[in-house]
């Protein structure tokens, strides 16, 4: 009883400090006046001339700040590698995520190719509509997640293929960058014709980069899910 | 009277106060919760509050998405700033990568020690 | 040649690992040597600005001035020595993927001229560090890694707040533009940004009071990993901390506050080291103490002291690499890191390595540490900061107590066992020891280099 | 109208956040966290950021929810068999 009271006092104390901090910070944050001429506005102004991509966010993510995206893909790679190191002992073991259901089992065969197709659609149309490599890649990975859910232990992935896909798509991203250095003297620079805006073949290197990102992200998230759902058979 | 609710000024105040409150709730969660799982859940809430604030502050009423559609045919300054959106997109993906790594560490730690409480993590110290 | 190769080549080596898993260590060594050669080819044409994918202020730019080149060369040479040391190990193939990532990220941190890009590299470096900490897969390692991740999450959240306030108020992410415009923003917002950035970078730069967790991390990880943490990662973050501080144009009040934090950091960690029985913890406390000295020197706004600090960074990186790698040999033999193992071995080579390292840490002539500390004190005296000078001297005495205690233990009589050190490891350790002695006896050339680095870092000749 | 909608969603999010933190049942709070993600997806959509909304929907809510739940499953299976 005594202990419980003590915990409550510390909780109360911390909440009090945090709320005082919040009240003190509030006027500072409410006072913000946004910068009138920001980086984004200047990028929007030149977007139509420089990239011919219909989606402003995509051209920032893959072209103007494409190097950040490379770093981000690297972070995903590293994190999956770290998870694999730790959970590796549980590979080829029981799938704890499986859910026995006949309806699910028979419908997943139809859904699986459709979801993959949808993922590729999102990836390829990244420069025309919302979406792109990350979102589409995760959608493809969710198709595999559905397979794990429905098929249970009958379904497993070939890890060799996944790691080679991952390696090749990562290397492909870097290769595009190095081609940029060699051809236009800028890493990740645009060396392809821009095409007409709002058409599928437009935007220079942007769709190419997003395709590599999409393949890499889908392989990585699939590997992540597979690492997490396997467990050592303790029975 | 209803008009004043649609002003950018009002919107920004709501966003600021709301996301600061969510941030504070997440911070309290990090500080008072002893369960490792809850701590990382609270970190995810804190990050979400930052994202909402950052995206929200760059939105003004009547601004459209930075994207050409059937209605919008030209890039102009009447669009929301694409750079914060790109930054948040990047940060969300980083967030899930870090979160998944942390959870895998927690699983491994739990399998070794049967412990999920942060104040019982006493493996390290001068006597050990 | 493009500056990007410093980041790209290690990344490529890591990405393509499935194809040459068994040869990864040779490829990593080759990458290190190649980049070392590349970095010397830039010597004549400093400073270089290279923008990535588009014109500079609108996209990300990499900046190579003499300061960043110095740090790149330092990191590359340490990585090369480390790769040679670890190349014969059959068991630890995975560590090379992580060291490559670590190399790429610290190069990016040092080179990048864009604050959000710095955040990305910050995360890559942190995640490599978390995984390196957990490599041993026992409960200590996971406990340390989870602690590290909690602190890292706090750091990245605060860094993100800083970057967001900067972008909201200035509308730019480029460091040079931020530096030009930073004085125009409101005082309250300015201090909010500075505090967020201080917490974000300060946790990683391991400065008091944000360093209470560091020693546990060192205890949880292996000695090789500690060698990298102490000589690469913390140095990169210190460079970054002061690089950003000088770019934002912090005033004298904040700098003197940093100096006070440095002196507390130095004092507290050396006193804690006295009572510690675990060698990993002792060396970790000593690293924290040296970081305190670096903070004092770098925030003194005197070029002479900054020169000394740069000298100390290079020297301390080499010394700590040497000490942790020697400790690695001892731990392999005795499978313990209690200070008692100093009584148990009988190897003149290893004892002299430890002696050189300890004396250089203390700043005894004729070793390199003496020159570094002398230059720092000289700079502080010209600024008439006599309190700081006195404090450094007094705390160094405390440092002397435990280091001499350790050295004395190795001479105690008792049961001794001999050590068998492979010739490759012997070679690497002696190269480091010889370079410490060389820098102590002929410091002039290196001091000159350090001075130009200090000028570039503080930003007198160009920013 | 837009101001009131945003206000309503924010109030929901704050309540959800408190519930997530204060819930003793871990799976319950993960489900609530996915609800929180859904709320922020709507907010991003209102703020004219469809790309971020899509990303948060598939990554921030979808995959992270799955990862949280599977972590709980892993821990639960160990607890039962202990």
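Think of it as A, B, C and D in the order they're written, each chain with its own count starting at 1.
Criterion: contacts are C-beta pairs under 8 Å (C-beta built on N, C-alpha and C of every residue); 3 or more make two chains touch, one makes a residue touch a chain.
Remember, predicted model here, so these are calculated numbers, not experimental data.
Just to note, of B-D and A-D, the chains joined by more C-beta pairs in contact are B-D.
Chain centres here are Cα averages; for chain B and chain D they lie 11 Å apart. Between chain A and chain D the centroid-to-centroid distance comes to 18 Å (mean Cα coordinates, whole Å).
Chain A and chain C, compared by their mean Cα positions, are separated by 31 Å. With each centre defined as the average position of its C-alpha atoms, the distance from chain C to chain D rounds to 39 Å. Within chain A, contacts with two or more other chains are made by residues 25, 32, 34, 38-41, 43, 55, 57, 65, 68, 72, 75, 78-79, 82, 86, 130, 134, 224, 228. Shared interface positions of chain D, i.e. residues touching 2 or more other chains, are given as 49-52, 55, 59, 63, 67, 71, 74, 78.
Of all residues in chain C, those touching 2 or more other chains are 116, 120, 123, 127, 130-131, 134, 137, 142, 167-168, 173, listed in ascending order.
Here the chains touching each other pair up as A-B, A-C, A-D, B-C, B-D.
Residue ranges of chain A in contact with chain B, taken from their complex: 10-11, 14-15, 18-19, 21-22, 25-26, 29-30, 32, 34, 38-41, 43-45, 47-48, 54-57, 59-61, 65, 68-69, 72, 75-76, 78-80, 82-83, 86-87, 129-130, 134, 197-198, 217, 224, 227-228. Chain contact summary for the complex, chain A toward chain D: residues 55, 57-58, 96-97, 130-132, 134-135, 138-139, 141-142, 145, 221, 224-225, 228-229, 231, 234-235.
On the side of chain C, the complex with chain B involves touching residues 116, 120, 123, 127, 130-131, 134, 137-140, 142-147, 149-150, 152-153, 156-157, 160-161, 163-164, 167-168, 173, 216, 219-220, 275-278, 281.
Within the complex formed with chain C, the chain B residues making contact are 36, 39-40, 43, 46-47, 50, 53-54, 57, 83-84, 87, 90-91, 94, 97-98, 101-102, 105-106, 108-109, 112-113, 118, 121, 123-128. Touching chain B in their complex are the following residues of chain D: 1-4, 6-7, 10-11, 13-14, 17-18, 20-21, 26, 29-30, 33, 36-37, 40, 43-44, 46-52, 55-56, 59-60, 63-64, 67-68, 71-72, 74-75, 78, 82.
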